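Structures given as structure tokens follow.
Consider the two complexes below, in which chain A is the common component and chain B and chain C are the respective partners.
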Partner chain A sequence: MSLGLFFALTGAALAAATSGLGSARGVGIAGQAAAGSCTDNPDLFSKVLILQLLPGTQGIYGLLIAFICLSQIGLLGGSADPNMSLSTGLLYLAACVPVIIVEPISAINQGRTSVASIAMVTKKQETFGKSMIFPAMVETYAILALLISILAIFGVARL
Partner chain B sequence: MAEQYIYAVARVRSRELSLLNESVIGQLCAASGEEDCLRILNEKGWGNPDLPSEEMFREEEKKTWAFIRELVPDQMQIFDVFRLTADYHNLKAAVKESCIDGTHPGIYQEDGTLDAGVMETAVAESDYEALPKSMRAVAQEAKETLLQTRDGQLCDAIIDRAALEAVREAGAKTGEKLLQDYGELICATGDIRIAVRSAKCGKDRQFLMKALAPCETLDIELLADAASSGMDAVCAYLDHTVYADAVDELKASVASFERWCDNRMIETIRPQIHNPFGIGPVAAYILARENEIRTVRIILAAKRNSLPEEMLRERVRAMYV
Partner chain C sequence: MSVVPMKRISVAAMKRDRKAVLEYLQVLGAVQISIRGKEDDIFTKTDMSKSQQVFLKNSEKAEDALAVLKRFAPEKAGLLSGFEGRKQLSVEEFDTWAKKSMKTLRLCGEILDTEKEYADYVSRIPKLEDQKKALEPWMKFDLPLDTDGTKTCAVFIGSLQGSYTVETFYTQLKKLSNVETFHGDIISSDATQTCIFLVCEKKDQAAVREALRRMNFATPPVSDMNPAGRVKEIEQEIELTHKQIDQAAEKIRSYAGSREDIRFVSDYYTVRAEKYGVISQLLQSRRVFFLEGFIPEASALAVKQGLESRFDAAVEIKEVGKKEKPPVLLKNNGYSSPLEGVTESYSLPGKKEIDPTFLSSLFYYILFGIMLSDAGYGILLFLGTGILLLKLGKKMEPGMRKTMRMFFFCGIATTFWGFMFGSFFGDAVDVIGKTFLGKGEDFGLKPLWFAPLDEPMRMLTFCFIIALIHMFVGLGAKAYMQIRAKKYLDMVYDVVLWYVLLISCVVFLLTVPTMAEMLSVNTLSSSLQKPMMILMVISAVGIILTGGRESKNWVKRILKGLYALYGISGWLSDILSYSRLLALGLATGVIAQVFNSMGSMGGNSIPGVIMFIVVFLVGNVLNMAINALGAYVHTNRLTYVEFFGKFYDGGGKKFRPFAANTKYFKFKEEM
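== the complex of A and B ==
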């Protein structure tokens, strides 16, 4: 087994792991606020649930990158090259870096923004539409990182 | 650390919706009488028509603390800073009761951190071990002073100073900005009250240095100098401090100054209304509830005594929401 394959697999694993951890934290903190809001006003459930789920997308992005990476290196179909060069393996790892770093940070920050938005909805239910926009803005950077990682993985695969 | 209180803050946000706002206070001020006020309060979930108003206030205070206990059952000691005043009131009552004959029911407050009965026994038997360390020396000094001099005012001054110091220290110890500011403001406004009363009674500098509690925003040496010279000197000194806007209120009346103190506290806590993290919003909710109970008490007392609406509005405090 080559070191190249090891690094490529590490990239995929870290993408899924760090994004998942970030999302778990983000959804967790938003969930505490959502539970607090619903305790006294259960009618808010559907609204605060959406706000709570927003930081969960980063985990999905990480999972997506991990799938693409595993598929490109052939580990999903059983066609992996055991002699993958070290440089190719490192290139796959580098391609995953935007997702590995940006997704967890954006998930936690989105969770915190969701907490503030939940407070806003609790005070004025009619601000739900506006309150969605604030955490959604954080999503932009998660999507940008996802995009770059996808382009980079496909680019490495074509080398 | 700040994320520890997310659930609590979210619940406080929900409860803030039922706090009395300026418009409800306006309705209460414009109400035709006490009964009308009680009806409005009833609609807002306060008490019930058969409950005497004092009982209603006690119920509301209990409701607040029950809610806070439910939110942060393991962190209640952080809010001791709000309950110390009751402890020192009880100490004052216990010291005075121990120096006169008979028992006097109803002089103790229930919402302190210490059981009033324990305090009463400790002071009566001069066995201060049951009291917290910080209170033992003060209790002993106050009781001995009262027994030796029969000067109730001096005894009060000793305990009041200890109370102000305790509140300030407790606030500082929490490490929470809001509670630190609370402790400082309580201590500083307490010092101003002492200085003003002493200036009006012609107390000397020696008494003032014994009565004033040190704080960051006031220089008690200068305040004592000013107070021993008279009211004008106190106002002149305060003009150069962060409490300069209290001067006009002090010149107007004691009631105006008391309203200024409460409004200043509301100004201090108001930023917490937009803060989704930390213990600050929970502490602010407690103070906001205390403020609304105090305001409603003033309104009901005014209605009971048929005070003109204009005079009442001058006494009404600013609301948190």
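== the complex of A and C ==
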């Protein structure tokens, strides 16, 4: 067996792992702020819950890339080629790099922004619509990284 | 489909009608009080904040009583009752309840007092339990614990730290006190303390006490009964307290029938407090009061006639002053009005702006649909909200109803795009067919258009096309507002030049074969390249020359113009931002696929089917919740940042009429 499959799998696994890690942190820190906000004002629960969940999407994007990668290299359907060339494997790994790096960082920063937005909603309930936008801005870069990874994986698969 | 035009209304009426006039206006809920006049020798303001405070306190008292009732006698709430709105109250009901209000308020006082009693009793129990526990080591002792001796003997009753036997106790005491004649009994002993009874001669009392002190002697809880009798007494007391607790709780529960009365009282005093808040603002002379405010044009005449026919009042309807900013009320058709809340969350239209709700509604549902893009979830969404709307639509509060209607339309759009892209609970049809029905490879739901997962670049191109249309409409709205303000030249500089620049850029890019191939569209003829280049240069130069036209200094002006042209990078990033349509759409479909394939791992057997059903239900519900949230957030973002950013600033204040802002009942009359 060549190392190609190993590197391709490493890419998929890291994509899911680092994104999940980042989202866990992001949702975690936002959740602490949300819980604090709810103690004084339980009516805010649904609003701060939404804000808490915003950094959770990066984990999903990582999962998405991992899944697409696994299905392209055939590990899901059992049709994986154990003799995948080293270069193809490394190409898959490279395709996953944007997600591996950008998702965790953006998730943690989005979590911090969510904390600030939760503080904003706690002080003024009617600012909910605006407060949702600040964390959503951070997510843009997570989406761009996801996009490049998707296109790259499909590109590698077609080689 | 726009901002409701406002008028100014001024009312002068007799002071004796003050209460009736205000109540009439409050029930109508059509006028926002805004008094511009200043106090002078004749007209002054009366401070009513004290009465207002009293009313607010009464309302709070009723709320507290309701909270107590909720704790002791929770109401059985129907599954859907959360969606129901406030009950409409007729005039007769209002009057009978209003007459009872003082009585109900006293009732609230009783409830709160009883609850205090209840809390007292409850806190007594642990204290009694503690006392009982402290007596436990003394149960074998048959003298009262406050026995202190006879004429010649001194008695010590108490506990020593640590564990002693009779022998160790005797030796220790003799050593410490040098007293030989005494008698001691150990009543009970455990690892931490030893309870003793000690008799000695009165002359030795001081020495023994000192010795005991050094052995950490502590006196027991004192009572004039022997311990067993005292414990019995405490037990009786505990039993009695339990009974009192039950009685108090029962008493509170007996008030549950008056819950509606109390709710009314809470509303009643809130409404009165609001009314008194308005009275404080009124300008009043000895016999006349004066009131001003904003009123929607449509109801102005009816209110004027209503007031003049009922009271001795002079009502004047005027145009809003040029420098004033009237409050904003939006009115839209049934398709767009659910999104008024979205507009309001951003900011209501400023004075010269149009209401963007209708324009955003043209895209909002579509964008949401592309992001969630699953027919199964869409059907659930529109069926769920549709059934709620049918069953409870009339009873719902307007805000709740709008939200429901918004998700109803979003559900329809999601279903549409779901079928277009061939997603129904992910690939549920294929998986069920292959795993359980033994169908072949080509079985499955075919997309009506194409599957984004198979052709991501085609989907991306589609996203960019939507992006261009969406933002061009936004830019068009800007042109419309400038035409309305008769700023035709500005319209050419800010809108037309950009249209030309952007369209020529896009067409030029499409003539480049590699670009067209990447976007999987047909390459345009290269003969278009030259005219497009010319258009690009002309419009770019135009933007450089006019982008900074507010500066008189030409150097500054050109620099600002260059910066304006740099705005094209903003357009590029805005267009790329729509790639979230692809990313979120794929996320929904792929995660549903993950769950479906996980569920089908059990194979075609009975446990396999059960496993599939469980995983399918849990997984898809989770996926739908997370992705509907994502779709909602990102549709808002595209609307706020990319779309509103092109033409809309906002800054309007919401129309807040003087009305009965109640919690449980509706006092408003339909006009």
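Going forward, the second predicted complex is superposed on the first by the 159 of 159 C-alpha atoms of A that agree within 3 Å, B and C clash if a C-alpha of one lies under 4 Å from a C-alpha of the other, contacts with A are read in each partner's own complex, and residues count from 1 in each chain.
Keep this in mind: a residue touches a chain if its C-beta (ideal position, glycine included) is under 8 Å from a C-beta of that chain, and two chains touch if they have at least 3 such contacts.
Just so it is clear, the structure is predicted and the values come from calculations on it, not from any experiment.
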item	value
Joint occupancy of chain A by chain B and chain C, clash or fit	fit
Which of chain B and chain C A:G56 touches, first, second, both or neither	second
Partner chain(s) touched by A:K123 [first = chain B, second = chain C, both, neither]	first
Partner chain(s) touched by A:P42 [first = chain B, second = chain C, both, neither]	neither
Partner touching more residues of chain A, whether chain B or chain C	C
Partner chain in contact with A:F67 - chain B first, chain C second, else both or neither	second
Chain B versus chain C as contact partner of A:P82, first or second or both or neither	neither
Least Cα gap, in Å, left between chain B and chain C after the two complexes are fitted on chain A	8
Intersection of chain A interface sets (partners chain B, chain C)	none
Partner chain C, residues of chain A touching it in the complex	50, 53-54, 56-57, 60-61, 63-64, 67-68, 76, 128-130, 132-133, 136-137, 139-140, 143-144, 146-147, 150-151, 154
Of all residues in chain B, those that touch chain A in their complex	3, 6-11, 13-17, 276-277
Complex contacts: residues of chain C adjacent to chain A	342, 344-346, 456-457, 460, 576-577, 579-580, 582-583, 586-587, 590-591, 593-594, 597, 626, 629-630, 633-634, 636-637, 640-641
Contact footprint of chain B on chain A as seen in their complex	29, 32-37, 39-41, 112, 115-116, 118-119, 122-123
